[in-house]
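What follows is a pair of complexes built around chain A, which joins chain B in one and chain C in the other.
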Partner chain A sequence: MSAKILQRLLVAVLVAVMLVWLIVPFAMAILWSMVDPSTAWTYPDLLPPKLSFERWWIMWQTTSLPTAILNSYSLAPIAALLTALLAAPTAFAFGRLDFPGKGLAQILILVPLVMPGFVVAIFFASILLQMGFFARYPAILFGHVILYLPYAVRILSVSFGQVRTDVVNAARDLGASPWQVFRVAYLPVLRPGIFAAFLVVFILSLEEFALAFVVGSPDFTTIPTILYSYLGYNFIRPNAAVVALILVVPNVLLMLGLERLLQSANPASVSGKG
Partner chain B sequence: MRRTLFVLLLLAPGLGLVLAFVSLVLYVAVSQSFGLYNLGGDSVFSLAHWQAMLGERRYWRALQYSAYIAVTASLLAVALAYPVALLLRKPFRGSLTLSALIKAPLLVPGLVAAFLFVNVISYHGIVNQLMLSLGLWDAPVRLQNDKNGYGVILLQVWKQLPFAFLLLSAAVQALPDAVLLAARDLGAGPLDRFRKVVLPLTAGAMQAALVLIFIGAAGDFSFQAVAGPPSVDSLATLMTSVQSTQGDWNGAAVVAVTLMALSLFGSAALAILVRGATRLARG
Partner chain C sequence: METKGTFVAYLAATDIGMRFDTFEALKGVSFTAERGEFITLLGPSGCGKTTLLNIVAGFLKPTRGALTLDGADLLPIPPERRDSAMCFQSYALFPHLSVRDNIAFGPRQKGLTATEVAKRVNDLLAQMALDAHAGKLPNALSGGQQQRVALARALAVGPGLVLFDEPLSNLDAKLRDQVRTEIRALQRRVGFTALYVTHDQAEALALSDRILLLNNGVIEQEGAPRDIYFKPRTRFVADFIGAANLHAGIAEAGALATPFGPLTGAGVATGAVTICWRPEMARLGPAGVNSLAGIVSSSAFQGAYTDVFVDAAGQTVRLQLPGAAHFAPGEALSFHVPPSAITTVADTAS
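On to the complex of A and B.
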């Protein structure tokens, strides 16, 4: 009995800690982003004296925020699409074929995950300089594709592994062309995996900082690099609050969508067969 | 033969591209640390860049500091994640909410986390205000950019705890009930059950968590740049400043090779040490 009470107490404490851990920081950021530029929020005011969206409007009009948003939100879907396309053949090999060295290959694909981001960024920049390649947008795009290929390969390998061989064979027996086999036997099972891979790369590309910062310096901006510029030497708290929220809110929504997708990425629910 | 070719063709655009890119980056970093592939001036093999960097105090401080942050953050995150993973082993009312709350930092990019944190602990921030109004502190305390890097460690734990939690809870949930019940029948208390049953059976997941968190924390730039002590560099911030403010690619390469060596050997050493400690704890 007392163990149960202890457990309840523990859970209550944990929930309280987690709320402080999350809600307080976000509430502060929202308040700071809405401080009206005409009246400063200074000590000892407990709350900002005047709240407005003026700051958001000013940032939109006078800073490079719109360009940064455009860069980030065009890089992310293109990177996601390219990554999914390039990952598919490798994922097919991992999910459906047996070949010598497969175990090793499956480990090697994960190497970018343990490379320090700034090492990759700086020496990628060095290679670009040596090649005389100065177009930063395609360079960053290429970097994102490589860095996030492991995620897409992992997710799609699982999906390919779930495709049922008997369905593939049945389609072939009935005289389906390769394209028809793909449409009938593969695509329905792969679809959630494709969406999940796309979304994972989209999210990771949106929040990627090292490569965009190093390769894009000094003036190519994405949302994370513009946030960093307000956190560095010229620390502007309300501006940083605005950019932080612009970065994190869509991220949270996308992640929640991803969670849904990963839960539905279950062959039984997709193919209708257990 | 044709089949081998087919598999290689399939692997080329994915695995092939990744391996080519990673090896090229590694090759250039190592070469530039020895004066090869120079961007300016002659490319001659030399140890001068290593000698110059190894002679600098800030290099050793950065190495020591990054190792310290990585060890502390990975040990703390794993130590905190274990009890939570055990608590959530069996579902109960509110357990889903709790586990969602624990995983929430995964949704928050590192820079945003760093900003939220310095905002809360700033000189007139909410923590200082609270302590003042409670009468615990007489004057606001400067918490931001503390010289021991506690802020950075806290941020690392905040950000990395979910990883440790995910890995450990998968391992803990795979523990057979029969084994735990048998241990209880044989008279093992909670601590003994943890030491002699849970720990040995989940050591693999724990090591994986330690290694991943160690590597992530050793290469940290964002937390150090925003919330770290101003007088010290982490290896990543040192490398970036050597490259961008001094234009010294060779020096940056030396730091880069050091960082990769720390990630590789440091994380392996930590994992082995902790494994040894759990063996000892089993008695």
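On to the complex of A and C.
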């Protein structure tokens, strides 16, 4: 009996924490983005005195938000695609092959992840300039691909490791061409990993500020660089709320999609023993 | 196929050697298989039998030796173009494809038309009693059904040679006997050549035309099941196949000096030997020759026979006696072993 009560209590705590951590900031962002410019939302009002989409309209009209959205939402999928493709050979080697120094290589490839974004951005930008890489869009794209390769390699090597050698052998044994072997033995197991790597890089690229700021400033904008420009010196909370929502809502939807993808039972990686 | 003048076996392996870093898995193995023959590679785990099978399939390249199928050199040919198909221990079915698509996979790779593929698949589904499961995914099937799908998938490409890698090891005992009988019947009917790897001596004895008994990367003995069982050449063979009583003795002029006193055996060598006889060959009661006596140390009723361990002349002797008689520990027992049942074996393979 007491176990049941405990369980209910834990669920209640969990729901409360979720409310505080997720729903409250979200609701606040939505409320703040809808504060009408004519009347300020001040203490002791519990809700904004007047709600409107005026801020959204102003942001759209007067800032470079449309360009930033275009930049961010085109950079992210291209970066994700290139990263997944470039990560595949290394991931294959980590997941399927044995070679001397493999353990060390697997650690080394993750080292970039511990570097603070700004440290990488400042010096990566100088390398790009020295290489004569002046075009901002491709420079940021290149930077994002390099920055997020470790994530993609990590995710995809796990997927490659789940490919069953006996199934690969069975396909070859039955006369399959390399492409057919890939289709029947690799792809079904890799698919969730490919999606996961794509989505993770997509979201990271979308949210990346440091490199986009250092390389792109002052005139090349992405959604995060606009967002950060509303922090600090010319801080306007309602405007920041608008940009924040534009940034975060698609991400949350993608993240939920990713969760479903990773949770879904993958028949291809279940053993065939009965 | 016969090349002009000389006869070449369907499958011929000559002096196959395989080395993994410092471990020598195969130390020069040679054997042949005729068309339609059922050959079993039998041995304990680590003896090299699966390595040998993977070499024949093409998944491994041997470090030395030659391999021909139908007179043609197999080694340069990749697995996808060899006329062999494998039944994997894990079944290795494609988990996201239905039973029908699993079976159709091979024929489709060969570029058959859709109607030909469908016909072949339907035939196999009927033969294997899998009709009702054609649309299911492999995970929805029982182990025995998955095993049949794996076999059907291998046979669908119409291979001349079917390779079995311990196909029954994941099935329970009753099912194992049933599938074993099915495999043998199918092999007789379809006529393919079978190379069958197992560590289960009962399976090997029941299935094979010929057994190759491997130990430590060499063939320790090769022969028909009855020859291997009744005429083991070495101590290892006698011990691995069935149970055996093995005792040191000295052979001279057709007689054996043993710890039990003089015995008479069949085809006995001269000098220091190890004598060997099967527990089920012992008969209760004394006889003219080879009479022994001892004290029962333990006994276990096995249904078809009773396993009795007897202390005789300081040696432990194992008897398997039919019938319902009880043998209590401490009881005195006299028995005899017919001379034809006693052979001599070498201590090591040479």
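Quick note on the criterion: the second predicted complex is superposed on the first by the 236 of 274 C-alpha atoms of A that agree within 3 Å, B and C clash if a C-alpha of one lies under 4 Å from a C-alpha of the other, contacts with A are read in each partner's own complex, and residues count from 1 in each chain.
Note that contacts are C-beta pairs under 8 Å (C-beta built on N, C-alpha and C of every residue); 3 or more make two chains touch, one makes a residue touch a chain.
Remember, predicted model here, so these are calculated numbers, not experimental data.
When the two structures are aligned on the shared chain, A:L149 is found in touch with chain B, with no touch to chain C.
By the touch criterion defined above, A:S74 reaches neither chain B nor chain C. In the superposition on chain A, A:V184 contacts chain C only, with no contact to chain B.
Contacts of A:G117 after superposition: chain B is touched, whereas chain C is not reached. Of the two partner chains, chain C is the only one touched by A:A171; chain B is not.
Counted by residues of chain A touched, the larger count belongs to B, out of chain B and chain C.
By the touch criterion stated above, chain B contacts chain A in their complex at residues 3-4, 7, 9-15, 17-19, 21-22, 24-26, 28-29, 32, 37, 39, 84, 87, 92, 94-95, 97-98, 101-102, 104-112, 114-120, 122, 124-126, 129, 158, 212, 215, 218-219, 221-222, 225-226, 236, 239-240, 243-244, 249, 252-253, 256, 259-260, 263.
Residues of chain A that touch chain C in their complex: 164, 166-167, 169-177, 180, 184-185, 188, 267-274. Contacts from chain C toward chain A in the complex involve residues 57-59, 78-82, 84-86, 88-97, 105-106, 109-110, 137-139, 141-146, 153-154, 157, 170. Within the complex, the chain A residues that touch chain B are 7, 10-11, 14-15, 18-19, 21-22, 24-26, 28-29, 32, 42-44, 46, 86-93, 97, 99, 105, 108-109, 111-112, 114-120, 122-124, 126-127, 129-130, 146, 149-150, 153, 207, 209-210, 214, 217, 224, 227-228, 231-232, 237, 240-241, 244, 247-248, 251-252, 255.
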